[in-house]
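In the two complexes that follow, subunit A is the common piece, with subunit B as its partner first and subunit C second.
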Partner chain A sequence: MSTTGHVPRHAAPGQPGQPQQPSDTQVLPVVDDTTTLPPVSPATDAPPPVTEEPAFRPGHVGRAVRAAIWLVLAWAVLAMPTNLLSPFEIGVADIDIASRAVIFAIGGLSLHVLLGYCGQISLGHQAFVGIGAFTSAYLVTDLGLSFWVAIGVASLLGAVQAVLLGMVSLRVTGLYFALVTLAYGAFAESTLFGITPLTGGEGGKPAPRPVGFESAEHYYYLCLGFLVLVLWLDWRLTRSKAGRAMAALRENPRVASAYGIDVRAFTLVAFAVSGVFAGIAGALTAHHDEIIVKSSFDFRLALTFVLMTVVGGLRNRVGVVIGSAFFAILEEGAFVALVEGAIGGLGFTPTFFDSALGLPAEFVGLVVGPLLLLLTLTLYPGGIGQQIAPVRQWLTGGRFDRHAGQVREVEVTDVRA
Partner chain B sequence: MSQTVNELGIAVVTGTLQGAVYALVALGIVLVYRASGVFNFAQAEFGTTGLFAAYAAKELWGWGYPAALAFGVAAAVTMGLLTERLVIHPLRNAPRVTLLVATAGVALTAIGVQFWQFNETLVMTMPKIDDGFFLVPPFDAPVTVQQLITFGVLIAASVGLALFFRSPSGLAIQAAQQEPTAAELVGISVRRVSMLTWAIAALLGGLAGILAGPNTTFSAAFLSFGGGAALLPGFMAAVLAGMRSMPGAVLGGLSVGVVEQLGTLTIVSENIPGARAAVLFVFLLAVLLVAPTGVFVRKAALA
Partner chain C sequence: MSVLEVRDLSIHFGGIKALQGVDVRAGEWEIVGIIGPNGAGKTTLFNCITGFYTPTKGQVVYRGRDVSTLPVHKRTALGMGRTFQNVGLVKNTTVAENLATAQHLQVQYATASGILGSAGSFAEERRVAERGELILHLLELTDVARERVADLPYGVLKRVEIAAVLATDPELLLLDEPGSGMGPEEAHALGDTLLRLRKEFGLTIVMIDHHVPLVTRVSDYVYCLNFGEVLAQGSPDVVRRHPEVVRAYLGEDPTDAPVEEVAAR
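On to the complex of A and B.
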């Protein structure tokens, strides 16, 4: 072992003679015991100046390129879907798909509060969204209230039913709670949405768009506005005491409870927030479709919500939004049209999926979506959120680091059932 | 009143026979849970896959009925083995909710493939093994031979499983479930045991699908949440069995079948829309709140 006068085998960082490095994952050189190291007298060696690496700041060109890309992104979200300043001609149907993508993002964020922050799985999210949709449609069509009142009541009712379910989750935990949500979704689908006076039965319930937002373009901006609101609330939630409490609850409810976190209250808060988001998403869905039928809130919708949240990347807000929008576009077959348009532009046959794979466009979402989920779970646990992390870091003025935002596995939560 | 009693009698008979399908699904769920600690949401989809394979063989390629049945079961077992190899094994150390989402992903993949491959004929039918049916006194409950065959298969499967778990392979499965490391030390391949368990579970699911399909018309996702939804009832039966007991799964399946049929009574269905789903939801909540460790389970098995 090291004797006096030799450098100790594991010199602590900051020791004279060892240059300090900012990284804490620094690998210490392995010193072979048989080689004699030259004696170092710490007294004579002046400690090297600790060079704090200056924070990376992009140069003029870098800043210009980043600004240009930000502009393109803003244009793609704000202007392109409504044919403003756009060289492309986008039809009303495609604007509707864009609105749908935004609504799906709100729904995805709703499930994300439970699945990502709280570690509670919900397989009955079609009920959350459906209750909001039918509430809003009923209030506007049958009671003649304005859209703004209706969406408020819808989100309130969404919160109430979510809190009721949350109370069950306090008693029935883990995988068993997943079963409860599954049964709840089936119950809502056939019993709650089967109440003909409220939901209009098989014929559905009309839900006119609010005054001033009748056109597809204006409705898109309305949805976008609500998405911004939901994103802001979600961001405030994670920055608040409730957000930190939820993180503690997710890791281990008993330990959290021992630290004085009110398990009951914060679980219910999470459910309430999720219910509010789902209510908003539901009301927007109702007035987007303008007539809603109960068959659009089936179990497949609930599974799509789980898909887009996990593929988007848990605990990654931007990833969830992109994942949700992606699945909304995939569902409607618009993604295939986009890809085939791009391939066609290169001079290949524009029916790539249909002819090469024998996969008609309307089934691409059904087949590709679940495969993406399985790939995310087994190989790319961070989901879309991790895939875009390097780009995101670069866009916010950092270096392009391929390994930014690495996640080792999708950790929903561990439960002892 | 007498009408209600009559309906009740019919509900019990119909429910018990329908429960045989749930019991087959529940047996698979319990087996997989004991082996991998996974709530297998793909269990019912093993059945639909088997059913679709049998349908393709019988109706599209013109095979004989026995060959089609064998092909369907083989397809289900193949799917089970692939699931274990490609999804469950790589995720064996992942949290259990992750695994749950993964099995739901397997189910969705299967459903997607069914929609895609069979999109020309949205509603399919398959002939029954035997078309006979008769009315059982004293309530004249209608019973088809197909249902009786299903019930017979359930009994045969239960007896077969009971015998199997006393054979060396069955004991190896039990050992590997209880103490994987120690089982490896005495020369049991945990990996092989896991594949064997999933194969048996998929076999049970496949049988459930092939036997339930001819009762009605079917389309994609038939056994998960379509016309013959057996996934949720199967899970309820498994919960009644405390997720562990095999005889409990059989009893649980039969009782869930009867409870579900209570929703079809005139006095219930007249007043509540979609009464079957409501009855099942209330029943599940009651079971989980009152007896979360299961009902049909020996107390010694809990210790």
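On to the complex of A and C.
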């Protein structure tokens, strides 16, 4: 579009019925200060050029130490749980716990899409995961489909049910939406999961592991593979227009829509993505347990999901993964066993929680979790992600700065439109 | 054909008549100023034009098309871009990130292929980032590109906001108090910027501002609103001298308060 030859319209002054004559005595008394002062040239307006500080580069020793720690981390994730190149002898039960930790990480990332990116809390996530689990188990056991088809269908169905719930969220927000999700979780638990032909009722539904991944070690790598896939999708989500749209609509739906973002559509996209992740987590849970019962998908699971996501650190992928894995280990009683083993070594009764407090190991998570939540909300709003940020910065070749990753919450200013 | 035509627009909130039979017109490449005392209904008018409010009566016509029933994001897609009275930016992210967010409608890949991470989406993301840098460069904001929005001063944010709305590729710019929080020198520079943007982007601009010198300097046509009605309209000088306008701004009897004294305050 060119503006050459354009002459702005100067409409006829005044309006019929209104005084047309400009009055000399009554002029809006405005000191035209924009013309009395010279315009400020941008050159003087700009701050003095900052002398570029040369970027920090670690020395030879620093690089070697960092590389060594990376190797140890890679070993701890890739080799140690399956007794490869490892001095430890880890039993099958503990390998299962490692797989469980990876599956929880996928579940945590699923809730994180809603809670972290969209600011929508879901207290019914056990339904998201449970529907994926039962779908996959049903398809494999009753219809004889392969695991790979089943997990695909489970993730699709996860997306569909999440979008249906999301449509409700477009009507109610905040606390009321949380209540809707709570009701949805309870509804799924007592009705959907009670359909005996689909879920096997109280007896549960067998869900055999896929061919080639029957052993605990191989299944662990399968879960790890899916975690990598989910991390990739999550990363691309935040780096593409969908993630930016979610960030905008979480903080300010009015600004988001002024940017041309369809707020409703992108809220539903978030639900769909969360549903896909939850479906994957559900299918992996089913084939991990090899027989699933509906009692594994109770409200406690939904609560754990919220705890691990917030304690892990909202909008911090690595934090959520670590937080989820931590809660999975806590849930399985492995952490308690570890602590009690250590205490036992010091000569105390090793079954402190169980005998002294009468607290079964699997409930420890629900006691420790809220305490951690409290600490997170009051001291470290960035959760585990904030606490590991200095180490993470150092590991990626930066300086060790213990203030790295400080979460500075923006005060909620409403944009008056 | 005029770019924007507001026909007989009324909006009532309960018993409060925020706007009553307002007619506003903006022709191609015009800069139209809207002035008026606080509570005159200026921002309400913008909210009706951009779709945040549904008017009780009347129409909003954009390039001959009645857009009265379209939601906000569809109007943005048609080329109506707006800024907000308080800064309308995503505050928790950087300026560059905001520019990318504002290009939402220009992004050339499907949502799903972006999430899957297709090769094309990487290239497109680079293009989006470059276009954002270009717009920031145009408004001399390159220095703050990596800064977090919440850390920047108000005056800079008002300019960042204009950069962001330009990134939505608008043909009609609706600016709600672009000069607020700026000193006279900055306001003068803003006036130059607006005139330049009109020339370079072929924009039509409708702006609300309290800074009367700024409005009278850049506007081709000025509307003065008071109590939800158009009090006066015409060329900037005519509106400035209009006795009704003077009274709306200064009170009933201007002779009691000498003009010079009021101006000095």
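Here is the rule we use: the second predicted complex is superposed on the first by the 331 of 417 C-alpha atoms of A that agree within 3 Å, B and C clash if a C-alpha of one lies under 4 Å from a C-alpha of the other, contacts with A are read in each partner's own complex, and residues count from 1 in each chain.
Here, a residue touches a chain if its C-beta (ideal position, glycine included) is under 8 Å from a C-beta of that chain, and two chains touch if they have at least 3 such contacts.
What you see is a predicted model, and the numbers here were worked out from it, not measured in a lab.
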Checklist entry - Of the partners subunit B and subunit C, which touch A:S240 in the superposed model: first, second, both, neither? => result second
Next on the checklist: Once chain A of both complexes is superposed, is A:D262 in touch with subunit B (first), subunit C (second), both, or neither?
Outcome noted: second
Next on the checklist: If we overlay the two complexes on their shared chain A, which of subunit B and subunit C does A:G194 touch? Say first, second, both or neither.
Outcome noted: first
Next on the checklist: Looking at A:L377 after the superposition, I want to know if it touches subunit B, subunit C, both of them or none. Which is it: first, second, both, neither?
Outcome noted: first
Checklist entry - So, does A:G369 touch the first partner subunit B, the second partner subunit C, both, or neither? => result first
Checklist entry - Where does A:A248 make contact in the superposed view: on subunit B (first), on subunit C (second), on both, or on neither? => result second
Next on the checklist: A:V306 in the overlay: touching subunit B, subunit C, both, or neither? Say first, second, both or neither.
Outcome noted: first
Checklist entry - Between subunit B (first) and subunit C (second), which, if any, makes contact with A:R171: first, second, both or neither? => result first
Next on the checklist: With both complexes superposed on chain A, which partner does A:Y184 reach: first (subunit B), second (subunit C), both or neither?
Outcome noted: first
Checklist entry - Comparing subunit C with subunit B, which touches more residues belonging to subunit A? => result C
Item to check | Doubly contacted residues of subunit A, that is, touched by subunit B and again by subunit C | outcome: 410, 413-415, 417
Item to check | Residues of subunit A touching subunit B in the complex | outcome: 119, 121, 123, 168, 171-172, 174-176, 178-180, 182-184, 186-187, 189-191, 194-196, 298-300, 303, 306-307, 310, 359-360, 363, 366-371, 373-374, 377-378, 409-415, 417
Next on the checklist: Help me check something: in the complex, which residues belonging to subunit A touch subunit C?
Outcome noted: 1-3, 6, 8-15, 18-19, 22-23, 26-40, 42, 45-47, 232-233, 235-237, 239-242, 244-245, 247-248, 251-252, 254-263, 266, 269, 273, 408, 410, 413-417
Checklist entry - If you look only at subunit B, which of its residues touch subunit A in the complex? => result 39, 86-87, 90-91, 94-98, 100-102, 104-106, 108-109, 111-113, 115-116, 119, 221, 224-225, 229, 231-232, 235-236, 239, 243, 272-278, 280-281, 284-285, 288-289, 292
Item to check | subunit C to subunit A touching residues, read off their complex | outcome: 27-31, 43, 46-47, 50, 52, 71-73, 76-77, 81-82, 84-93, 97, 100-102, 104-105, 107, 109, 111, 114-117, 121, 125, 140, 143, 150, 164-165, 168, 171, 184-189, 191-192, 198-199, 201-202, 212-214, 216-217, 220-221, 232-235, 237-238, 240-247, 249-250, 254, 259-260, 262-263
